[in-house]
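To keep things simple, chains are lettered A, B, C and D as they appear, and every chain counts its residues starting from 1.
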Amino acid sequence: MTEQPIVLEAKGITKNFPGVLANDQVDFDLRKGEIHALLGENGAGKTTLMNILYGLYKPDSGEIKVNGQPVVIHSPKDSIEAGIGMVHQHFMLVPVFTVAENIMLGDETTRYGVLDQKAVVRRVKELSKQYSLEIDPNAIVGQLPVGVQQRVEIIKALYRNAQILILDEPTAVLTPQEADDLFVIMRELTRRGVSIIFITHKLKEVLAIADRITVMRAGRVVGTVDPKDTNEQKLAAMMVGREVILKVEKKPAQPGKQVLEVEGLSVHDWRGLETVRGVTFQVRAGEILGIAGVQGNGQTELVETLTGLRPSAGGKIRFSGQDMTGKSPRLLTETGMAHIPEDRQRHGLVLSYPVADNLVLNTYYKQPFGVRGIMQPAAIDANARKLIQDFDIRTPSPYVNVGKLSGGNQQKVIVARELSHEINLLIANQPTRGLDVGSIEYIHQEIVAMRDRGLGVLLVSAELDEIMALSDRIAVMYRGQIVVTVDANKVTREQLGLWMAGAHPEE
Amino acid sequence: MKKFYAVITILVLAAMILPACTPTAPDCSKPDVFCVGMVTDVGKIDDKSFNQSAWEGLQQAKSDGVTDWVQYIETTDAKDYAKNIATFADAGYDVIVTVGFNLTVDTAAAALAYPNVYFIGVDQFQEWPYDDDTSNDLPNLAGLNFPEDQAGFLVGALAAMMTETGKIGSVCGTDAVPPVWRFGEGYRAGAAYIDPNVEVFVVYHSDVGFDKTFVDPEWGAATADTMIDNGADVIFGAGGKTGNGAVTQAAARGVYAIGVDTDQYYTLPEAASRMLSSAMKLITPGVAELIAMAKDAQAGGAAFPAGNYMGDAGYAPFHDLDSVIPAEVKTRMEEINAMLLSGELQTGVPPVKP
Amino acid sequence: MDWKRFSFITLVIVLLFTVVVLVGSAAQKPVVIIASMLATTLTVATPLTLGALSGIFCERSGVVNIGIEGMMLTAAFFGWLAAIYMNSIFGFSSMPSLIVGVLFAILSSVLMSLLHAVLSVTFKVDQIIGGTVINILAVGVTGFLNRQLFFEKGSVFGGNVPHAPGTLPIIHVPVQEGVEAICKLTGGTEGCQTLANAFGKVFDQQPITIAAILLVILSHFILFKTRWGLRTRAVGEHPRAADTLGINVQRMRYLNVLIGGVMAGLAGAYFTLESVPSFEPVMTNGRGFIALAAMIFGNWTPFGAWAASLVFGAAQALQINMQVFRDVIPAQWTILQNSYVVGLTPYILTMIILTGIIGKTIPPAADGQPYEK
Amino acid sequence: MLVPLLAVLTAVVVGGVVIVAVGGNPFFAYIGLIQGSFGSAKALSETAVWATPYIFAGLAVALAFKGGLFNIGAEGQLAFGAVTAALIGYALPDWLGTDLPAIIHIPLAVGLGALAGALWAAIPGALKAYTGGHEVINTIMMNYIALNLTSFLLNGPMRDPNPIDLSAQTPEIALSARIPPLFEGLRFHWGFILALVVAFLVYILIWKTTLGFEIRTVGSNPDAAQYAGINVKRTIVISMALSGLLAGMAGTIEVTALNYRHELGFSIGYGFDAIAIALLGKTHPLGVVLAAILFGAMRNGATRMQFLTQIPVDVISVIQALILLFVAADAIIRYIYRFKTRGERVVLTRGWGG
């Protein structure tokens, strides 16, 4: 593969953001038909580099060559013309548009000024056949599962004849199966001469798919290696800059009495479709129940209902002995339920509020923070300083707006708040999504510590590794139902993957 | 900051170059300087209605050489009536004209407070204390009123005589304003007097903010339209610009139009060709007269006509349509006018909406 | 605009008409009443429809616009001013004067919308502010100039009432003749003639009223069937996505706000060049805000907004007719004689329609949010 | 603090240019403006009188903004509050058949008036919370409803029965319901002090109480609020009600401390000025108070300005718009004077609030 010509080359790219040197003299090249993985922690500068290549940012210095020709990329338009396509980590799709509309947007074909939907649909059908990417051009994007939306993004790039494809954290939102499918697709693409930059922080995947691996840290390129002569440990070390423990140490669980019993619970989503169908399970004190499953199989709705944010359409929820079906979030919190929400910025935090206020977001009205309806700044301040200490939240002061903190620290704020008051059940939904290795380690340790302190923990995650690493028991959710509940150390990764994909346990 | 200073200097220069374009007021406190000030009702001086007519009265007084200086203040909120009157009084003005019945109480109060200033209240009943005994009226306060009902009656009669469909209409401002109400009901009465079978549509624009009722020509036009659709072939617009909207619309649709307050043949040229007449309420001359009388009184001449002063009302000439109007109609109009003036004919319209 | 909403609105309008017909039938042929009401409804709805369209273009591209009222007022004044200058100063005949008037109306309103765009898109000021500024500014500038130019002695028109060039002429559509012809064949009864007149009444409208209806259709087409519309909606829903596809978000927003300005300008022209041949301070009387309501009410779709505007138009027609027929209102319906009570109808209706029956309206996702790269 | 000052200054300069453009003399105009608003004890008193309702109404809109709601309905809430206060003011003694001591009557009138305003605003609030009906539409609609309702009441049931009183207005309220002026001979009344106190209370409410915390949280992120166990629907209704309460106060104070009655043509456009004031004050109580005093001063001074220069009061609106423009869009000011721009912008509203 090495004799292949270089299609994309970036030299000495430097990009300065107020306060941060995001890219510092970064060199990077991509050969025709290869998959070049760009590995690094969040904030290592991977995405910045790619946004520069895609014309979303202007570099302070450095030059970019496509097929040997130096190019100036001021806007995505330029990079699209240069044959570069990008699939962003947060999809750039208009939810209310159809697949076809999303794909044609910005590159529309019209007849007598009227949008030529037919032509687009035809073209999309061709592409999806050609690259075996299943897709219905007339579906509304907002209603498609994440995996499919990602395909739309890829086709969007191909539709513009992209020869260079940038995939930014494409597997972050995918299940192992979906990820494997994606890898097949990526291979297919490279066979057809498309070159791929694959951005990720997941070591397994890199080793599985990449032809070359470039590791970045703190805005600099640490080095480029061949997957054959490296391993997870080495890569991790390069990434983080120190030895990291990839295994979570945990003693065997001592399950106690049941804290949460869910019985035949059904939930409707906003469209009134039954997305959780008669789910039954228990969480006992001192154990971690992991719920594995492809996103969009009802986990979100399940958790929202358990935490009182969404009404149930049937079934029972018993929490610490009493019936809590359809009770308010406040009552649940007061009864000792902690909740780390899936979407931290939308549900977990008020970004325009200082850290201190976010740390009392659900306890502001109680002693000592609120006395007879009056807020108590002193108490709130003390609380903030203590938690910032204990959970080592990196913030210049308790009065910086949470929105200014890094994802990891934002998550720590939530964890700190949720664990700081008297609780006996922790519901953690995608607790480490989009966090760097350091933070992930930290959160994992916290969760295990909670279990050992005798709390019940309900862990919902799309990251199979995480489920495997933390859970004592694992329940697999598929199409709104729990297909099987098994003992964590009596099951293999592959087995779980199959169940998540809908295979039946007895098969 | 440079730019800023630049702007300042430019402005200063601009102001210097300017000829003293704002006429510097004479010192009205001097006895030999005769100043007249006017306070409007909530509304603008250029409302093509009572405020403007009254102001033209002041200007006429000036051009007649009666006064040395005239000035107005527009009231932007009801709570400012007293303040605005005081502004003139304190500046030593000799006569203060207040327009609109809303100022009745404040004007009377001011008249008490400033006995040396003459007050003219347009559309205000200013007997004091509202009895027949004129001896205890305030000597320096006159309320200028008009028999709008008679003016309305006249044009109503005219309309009833000119209609061919037997249907006539009137688009008015809010009936919360008595003069307007008197116009509208006078119109109704006049038509009935000629022929009880004539159908009369009278619509008041009372369903909007008080500040909007007289300045909604679009509504006036739409209303006139509906009336014409229903067969009305004479439209009387009585209510500032709302009425004007109706009048112009009527003209546009080729039916007869009747104006109000002044002879609108002149103020609404676009409707002139179909302008049958106007129900006139001669505020301008009335105000001018009273100002002159006030000056007399101040000079120790005849006493100021304290209490209520009845101004003239009537109907305007037929202008362009003079030829189309049958002679007997003209004579009939003169008769009615005479009878109204002599009091031998009563409109039967009470001064205020019961 | 879903059918549920459409059918409901239609129902309401029919209801309003029925009431009037029932009341008025004592004095007038139903067909005449209906024709007259239809005509009134259409004309009264015109500025609301155009105002709502103005809002739709702005907000579909992600710029909230509460300045419609101000833009209309500005346009009403400057359109009228231009027409008068043409007519009485430069001595053009009325038709060219009026056309120039309309153009200037649009121009002035576009300038106002430009101000809004600069504030909201370039300086990223809270978009409510831009609108509020325009509303206050419009009242001040028009009132101020109106006074200085037309009232004060020694001003351009020396305080004399300038001769306005009248209003835009009715565009005659030979529907009436058509029906009359049919009447002839069927041995022209009087009823048939009335019907013919009725048709004539409804179909003979002035240019801006007709333009408004055409623009509703055109806007729908543009927004949902063309490249421009697709990009506009994309920018209003998910600007970053549009940006990554090489669409210039700022530019799209600017241009759409300006288009909004054109619509509002036409709405303004309606007041002084089509409805009546004169300008009065603050003559838009809050219709800009009703238009805003119509836009939201119609869920940011042209047809929806039009339907909503028609409801207000119909209610206005009801309120006028109730007073015209005051004397023939049956005793048991005396409530309808009270102009205040009748005056309430459109507003209460709107609130009712908005609540249970229709519920939430969904604005464009990025509406009101400045786009930061 | 420098930036807002420069903003006001720039607005004044530009406004001056406008005046020059139409041949007025800006210096006379501004001298008049300042004399009329701060020139004398009387002027100061009048400025305070004007500022009082502006403070209340501005706070009303600002509070709603804090709760993520856009209250365009202050106008209607204000009118409804005023009518209620007037009713309590003149009718309560008759109902009870006995006179009340001021100590009871005043609080009753003010309190119930404020409550009426709260009710008027709570309706759209509830509609928003429980049916998703949009508060912008509904508050606008409530404006028109309030307007028709008050016109109806003032022309009918609540109209002053005194036959001499022609205007459509309520009877004067009982002496026991009147908030007294602070100094003899000046209209400067305790309502202004009350306004300042209320502004302070609003500050406490928003920033120091748990309710305020809830309102702000719902305002800035409803999802997080719900997640945190705050009853979002209830909070929305409360925010609107409180907003209406303040708007209602604006009306009641005008009635009980100034006009002693409610009349048509009162409080025209306060609701919309209030939006400008809230935005000008960046929705902070202190800012609102300053903005309100600024607006009040200009409206009040306008009279004297016009008296001296005959420049139409509309120019005030122009200047106010410019001030809002420059203060709110301080990016422009910083651009003009080459200041470095702040990192973050104050976000006052969240578009349509969904």
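The definition used in the following text is that contacts are C-beta pairs under 8 Å (C-beta built on N, C-alpha and C of every residue); 3 or more make two chains touch, one makes a residue touch a chain.
Small disclaimer: the values here were computed from a predicted structure and weren't measured.
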Which chains contact both chain A and chain B? C, D
Need the most distant chain from chain C, centre defined as the mean of C-alpha atoms. A
Quick check: more C-beta contact pairs in C-D or B-D? C-D
Cα-centroid distance, chain C relative to chain D, in whole angstrom: 29
Mean-CA-position distance for chain C and chain B (Å): 32
Can you compute the centre-to-centre distance for chain A and chain D, using the mean CA position of each chain? Integer Å is fine. 48
Residues touching two or more other chains, restricted to chain C: which are they? 143, 147, 281, 340, 343
Chain B: which residues touch two or more other chains? 206-209, 211
Mind listing each pair of touching chains for me? A-C, A-D, B-C, B-D, C-D
Residues of chain B touching chain D in the complex: 1, 3-4, 7-8, 11, 14-15, 18, 20-22, 25, 41-42, 71-74, 76-80, 83-84, 87-88, 91, 101-102, 104, 125, 130, 174-176, 178, 206-211, 351-352
Complex contact set, residues of chain C against chain A: 225-227, 230-231, 233-234, 237-238, 240-248, 365, 373
Which of the residues in chain C end up touching chain D in this complex? 64, 119, 123-129, 132-137, 139-145, 147-148, 152, 281, 289-290, 292-293, 296-297, 338, 340-341, 343-344, 346-348, 350-351, 354-356, 359-361, 363, 367-370
Note: in the complex, chain A contacts chain C through residues 54, 56, 75-77, 80, 86, 88, 92-97, 101-102, 104-108, 110, 113-115, 156
The chain D residues in contact with chain B across the complex are 6, 9-10, 13, 16-17, 20, 23-28, 46, 49, 147-148, 151, 154-155, 163-168, 254, 258-259, 263-268, 299, 302-304, 306-313, 336-337
